[in-house]
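Some structures are shown below for you to check.
Here subunit A shows up in two complexes: once beside subunit B, once beside subunit C.
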Partner chain A sequence: MNHNPHAPETFADRVRNIPGGEHLEMCYSCGTCVSKCMIQQKVEPEYNPRRLLRLVMMEMEEEAYESPTTWLCSGCDLCYPACPQEIHISGVIGAVKSLAVEKGYTSPLDTVSVDESLCSGCAICVMVCPYEAPHLIEKIVDGVNDRFSEVDANRCMGCGICVASCPTGAIAREGVSNTDIVRQIPHEVVKTDAPSLMVFICDWSLRADADLEILESYPENVKVIHIPCSGRIDPQLALLSLRSGISGVLVCGCKSGECHYQRGTDVANCKISMLDRMFDQMDLADGRVRFVQIGTQDRGRIRKEIDQMLLHLTSLQEVC
Partner chain B sequence: MANKPKLAFYWAASCGGCEITITELGMRLVDFDEKVDIVFWPCAMDFKYDDVRALDDKEIDVCFFNGAIRNEENEEIAHLLRRKSKVLVAFGACSHLGGIPGLANLSDTESIIQRVYCTTPSLDQTRGTLPQISCKVPEGNICIPEMYDHVKTLAQIEEVDYFMPGCPPVVEQVWSVLQVILAGQLPKVGSTIGADAKTVCDVCPRQKGRSGLRIKEFKRPHEVELDPDTCFLAQGIICCGPATRAGCGLPCISANMPCRGCYGPPEGVVDQGSKLLSAIAALIDTDNPAELQKIMDTIVDPVGTFYRFSLADSILSELKHKRP
Partner chain C sequence: MVDAARHPNIEIRAYTEVERVDGFVGNFKVQLREKAKYVLADRCNGCGDCAEACPIEVPNYFEMNLAPRKAAYVPMSQSVPLIYNIDMDACIHCYKCVEACGKLEAIDFAMEDKLVWEDVGAIIMATGYTHFDPSLIPEYGYSRFPNVITAMEMERLNNSAGPTAGNLIRPSDKTNPKRLAFINCVGSRDKRFYPWCSNFCCMYSIKNAVLLKQMYPDCDITIYYMDIRTPSKGYEEFYDRAREMGVHFIQGRPSLVTEDEETHNLYVHAEDVSLGKVIEREYDMVMLNQAAIPQLDQNVMSSLMNISQSPGGWFMEYHPKLRPMDSPTDGVFLAGACQGPKDIPNSVAQGSAAAARAGRILHSDEWEIEPIVAYVWEDRCVSADGKKCGICYNACPYGAIEYEQGQAAKVITAKCHGCGACVAECPHNSITQMHFTDAQILAQIHAVLAKRPEEKIVAFRCHWCSYGGADLAGTSHFEYTANERGLRVMCSARMDTDFIYEAFRLGAGGVLYSGCHPQDCHYITGQIIGATRADRLKKAFDRMEMTPGRFRIEWISAAEGDKYARVLNEMQDVLDEIPKEELLAEIEKLRPTMEKRVRRLRSVPGVEAAYQFSEKLENIIVKEIIG
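== the complex of A and B ==
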């Protein structure tokens, strides 16, 4: 810590002065955070919060701004309860990121963008985003003042919660737009003796490479659509799947509290629970749409969930 | 004038509001009548079905068909009018999406008949009178049309050229569509006419919700004093505006009531209710399953709220009625 009031402000000082950055020096580099981090395990082996904090303390400003750790942290806070020093690591990383943005660095992530010809400016995306990335802007269009959503690409983590919630399909990101996902739903599925199942799976909830192998081991009747977060699920996707003749829909996400995008699991749970209530009102509630939450320790559980769902759907077919 | 366009208006399962919206044209209707020939309008003029049957095929230039398809008669006349008309317009929410009658798809015919003729508290149930499709009387056999198991939209049974949404379509939109027809400037077949492409939020002047605004409890309009300048959703009131096409001129919003969704989904949305559900459920703020149940309890009648006018057109209804 800089105790001399006349000394020039260091990089570490500036990080500490941003709310969230104040716990910087408490880190003694044990690396527990790294062992808990999903990004390190699944996306970027170079990802390392411990090392980033060390870079800041060593005044390696440029290196800190260029580090993937600065940009990839989504604030899931899996590391937070594990840290023996109780450092809110995502807060410190967030402080580094805001300084990086000030310096003109930009996020390397694939982020969402808004099609203004479709956007009605309803602000649903503004309200649902865990990262306060979208905001409304005003523009004069054909002489009339109109409102549109605009996304701050440096805040957006690409979870797709806004894409699923946008009522007009105005927000998209390559690979997770409505058209991209609807295209993967078959138009018509021929009914056979074996029930068919559509699995919408959040890629973060796949706990090991073996989980992916499990998914790929099923025959044709189990179809898998990968989504960036269970919060990307939109009840219309489940309904379109059922309409095509698919017998059931399984949405898989992470456990509440472990969601990579903070609230995606809770959002998916709200949507599927609400859809369930509607099924109930329509006298259709027979468990054909299910949401499961797979914990970080639940390696291989995906097989159990799919098998159980297939058994359930078989029993439904027998009743018919 | 020999070449006046021939128009027809018909009502199937509807409340009559669509007819009223046409009469609301007032004196403009009288002027309009000089430019066109109205060849069929059972609500306002004395025509019989046989008058329509006597017309040549495609003799009617434009037929405005309001009301949902609820029974055999609705369907029979829809087919007849399709045959006799060059252009068939699904006029109003009921023929467009099923409308309020479409909410009957929550139930089935048998339970509806039971409720209406047997268990309604104000009924004299001692006689057990039930409507019969056919009934022998001394003069012969009299029949009523058979009621279907579920309500259908016009497009589910016939080819529709244009959709004109609204419950009812507002009078200024009706007038502008009539002008378009007179000018022979109808857009591409299959289009929605008399409405905007974007949603109600696009034209709603209210202050929209801010970042991180979440909902812990839904309220109904009569339970709170509503701020006339703030988005209803931001006040915890379910408003269908985000998933409803604009074009109505905001009569509900201006009267400080949330949008009910009568203009149907915007361009590109297949299932209005599920898109609205997707938007609104994402605003709920809880990670606790018990609390979620409590919050959902504050949405009384979710199907009737999210699909108020579009249930008959929904995938939900399709799934229910396709079941073996």
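== the complex of A and C ==
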């Protein structure tokens, strides 16, 4: 709150005036938000929401705009329910970000791009995006008024949910485009006694480094493909894996409500259960494709899930 | 405790609950429920043979349920008086204890709860506090992960008389832990649960760390903290000693505790704030230092004793600085953590102080009170005519009014604190308050509105908060409108509707109705009574189509001098915006309505005289001196 109505408006005042930025001064720097968030561990060592709040309070405007924290926060709100001062931290960061965009700063993130020659203007990407980054524009092409999707690079967090949802394959992001992932699926798998398993793992669902080591500890028959969010999973990728001779597909995402990209895990859940229903209609439902949601406290659960899946696939093979 | 039990003037009533409290300072009547122990106090010699014979085992609450106790038990080995007790919820009536007791014949299964009345002069509340249940914070995994324990459980595990005879072991595999983490502020300083600092947790976590370090020097101990608070004498030096002994202190509130399912080792995720880096460390055991919170039945005790509670639920003291051991009810005193989280030295100090305060009452034959008590004009009270009323009885925050239909209401002077709630609430003006009579206050209103009343703002201030706020505004040199005329009453509950109507009838430009914030009220619920009345008034003025802002309700504490100045300046702005002719027209328009509402005031004893005196005063001051 502004104690002196006649004082000029400061940077902190401007942040406070944006909805979400109100409780700025309540922060007592306990560090809960920093350790609850996985961005510092996984992406950017300089990422620190607590420090961004300090930068705003200390009127360090330029530094706040240039800080990676401003741009990397995906608004998952894991920190919000944990904050002892009930500060909506992603709201404050969002306020700083919108001021930065006003000042002409741009997001340093890898964002998605739309290939207009393929885009049909169906607006599915507009519906699935958690960040309202894509929107439709109208353009005259060859004398015909046509609709295209356009992505606001300052809003896009690069989760790839839209990439997986685009029916024409018009959206891509470096590293997670369809071709990038398909290239990692082997063309043909040699049949052995042991069942083979394809694991699509969301990078955020495994908090501990020890869990990542578990993934690497499995032999050849368990193949791992890292995706930025389970929402990036396209049922076709699962089908493609099965066609190449892999016995089963396991998709790992975060627990609902803990998704790094807000609703990616829910989107993935919908897609995999849709695939399940499809298999059911074709009398093929035998648990070959499974979606698991791993919570922040489920240390070591990935090993259990993979072992269970392998056991299940072995029993399927024996039946055959 | 043993000393207390031996003292000729001290009687300890163990396993007894207070059921009811009547009377007032010096003359309390207390109803006690002496619960059935099923053991005769005068025969039991505390030998413990009954416990040995008893075949039933239930969790021992004193040992934090880490060990069993028998159905025939004493709460702890140092219990005073050392008399056994049979837990009827657990007893299977095998009567082996009766056999074991033998010739003493101390066990009596036919015993029943007894209700007794006692006369007491003063009451000291020392009901203590309880602990926050850390399983409400799912991130820390208490009750899901066996090796996450609370500070009280650690206290028992580390006690030579405890269930493990002082051998610190992990609950999961009974091995000695080598790496321990203590997490401070679990549930305290946390807006989701309890916003306060629990005062002593920093010190006991350092104490536990030092104790463990002495017993197991190779043990690795880390304390996760937000701030270490060591404000008393010798505390900071103790903190230094812990660091010298090699206890690690990490500033950073852990956000998550995870567990390895096989080893049951725990991983604490926290940011080391000084490094700005997230760290994940492995521990054998994690101890949570929970918040100190009011007893779960604090509300029941509070209504039983008629003492108010602070916003957090602790018992409220009479004055935070000057009378921290007195409750708002005379003759009831507070000692220890029932008033707020406190460590042992502070509790002992407050306990001794409360005993001294209580002794003052017991030693004197007379009790001095403030002279501002309420007084009933019996001939005016409608209850005496057999009409149903009792409004004063319901308004009194102290239960100081005795009311029975057919008899005039009666004020128990010793209980009255002089808030004036009954005086203002009485619809027939049958009660008055000494030194704050209607006549006196009305005379003041007349005096301040004697000349150019439309320019004046009459500010009713409560003695304890808004008056202090106005005082602070003055001593801090905050500028506010010179048209303000402040009138002091003891509580916002005394601000009678008649006063406000009379002020507007006389043509006041504005009226401010100010008092304490609800939780700060000096008279328990006085502010609530005042606030309800003020809201009713505001609605009435809205219906009369008075310009909004001329009547204003504000709750201003003694520390809010700036707010007092701001509110009055805002009221002045409202008056400045209305053209003078319009304001005068509005006053004239409303005058008949106001007249109607105060028509019965003149019959109140003293008011007529006050009016005449005011007129005389007006003649002297306004017409002759000012001219």
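The working rule: the second predicted complex is superposed on the first by the 319 of 320 C-alpha atoms of A that agree within 3 Å, B and C clash if a C-alpha of one lies under 4 Å from a C-alpha of the other, contacts with A are read in each partner's own complex, and residues count from 1 in each chain.
To be clear about the criterion, a contact is a pair of C-beta atoms (placed from the backbone, for glycine too) under 8 Å apart; a residue touches a chain by one contact, two chains touch by 3 or more.
The structure presented is a predicted model; accordingly, all values stated were derived computationally and were not measured.
**Student:** Counting only touches as set out at the top, which of subunit B and subunit C does A:G231 meet: first, second, both, neither?
**Tutor:** Only subunit B is touched by A:G231; subunit C is not.
**Student:** Is A:Q41 contacted by the first partner subunit B, the second partner subunit C, both or neither?
**Tutor:** Second partner only, subunit C.
**Student:** Let me test your reading of the model: by the given contact rule, A:G169 touches which partner, first (subunit B), second (subunit C), both or neither?
**Tutor:** A:G169 sits against subunit B, while subunit C stays out of touch.
**Student:** For A:T106, select first, second, both or neither according to whether it touches subunit B, subunit C, the two together, or no partner.
**Tutor:** neither
**Student:** Answer with first, second, both or neither: which of subunit B and subunit C does A:D266 touch in the superposed model?
**Tutor:** In the superposition, A:D266 contacts subunit B only.
**Student:** Looking at A:L242 after the superposition, I want to know if it touches subunit B, subunit C, both of them or none. Which is it: first, second, both, neither?
**Tutor:** In the superposed model, A:L242 contacts subunit B only, not subunit C.
**Student:** Examine A:S315 and indicate which partner it touches, taking first as subunit B and second as subunit C; both and neither are also allowed.
**Tutor:** neither
**Student:** With both complexes superposed on chain A, which partner does A:I124 reach: first (subunit B), second (subunit C), both or neither?
**Tutor:** The first partner, subunit B, only.
**Student:** In the superposed model, which partner reaches more residues of subunit A, subunit B or subunit C?
**Tutor:** After superposing on chain A, more of subunit A is contacted by B.
**Student:** Per the contact definition in the header, classify A:A82: touching subunit B only (first), subunit C only (second), both, or neither.
**Tutor:** Only subunit C; A:A82 stays clear of subunit B.
**Student:** Which subunit A residues are contacted by subunit C in one complex and by subunit B in the other?
**Tutor:** On subunit A, no residue contacts both subunit B in one structure and subunit C in the other.
**Student:** Under the stated contact criterion, what part of subunit B meets subunit A in this complex?
**Tutor:** Where subunit B meets subunit A, its residues are 105-106, 198-202, 208-214, 231, 233-234, 241-243, 246, 266-271, 273-279, 281-284, 286-287, 289, 292-293, 296, 299, 301-303, 306, 315-320, 323-324.
**Student:** Would you tell me which residues of subunit A are touching subunit B in their complex?
**Tutor:** 118, 120-124, 126-129, 132, 134-136, 146-147, 161, 164-169, 231, 234-236, 239-240, 242-243, 256-257, 263, 265-267, 269-271, 273-275, 277-279, 281-284, 320
**Student:** Spell out the part of subunit A that touches subunit C in their complex, as residue ranges.
**Tutor:** 28-36, 40-41, 45, 48, 50-51, 79, 81-82, 84-86, 207-209, 296-297, 299-300
**Student:** Along subunit C, where are the residues that touch subunit A in the complex?
**Tutor:** Going through subunit C, the ones touching subunit A are 138-139, 141, 185, 189-192, 226-227, 251-262, 267, 269-273, 276-280.
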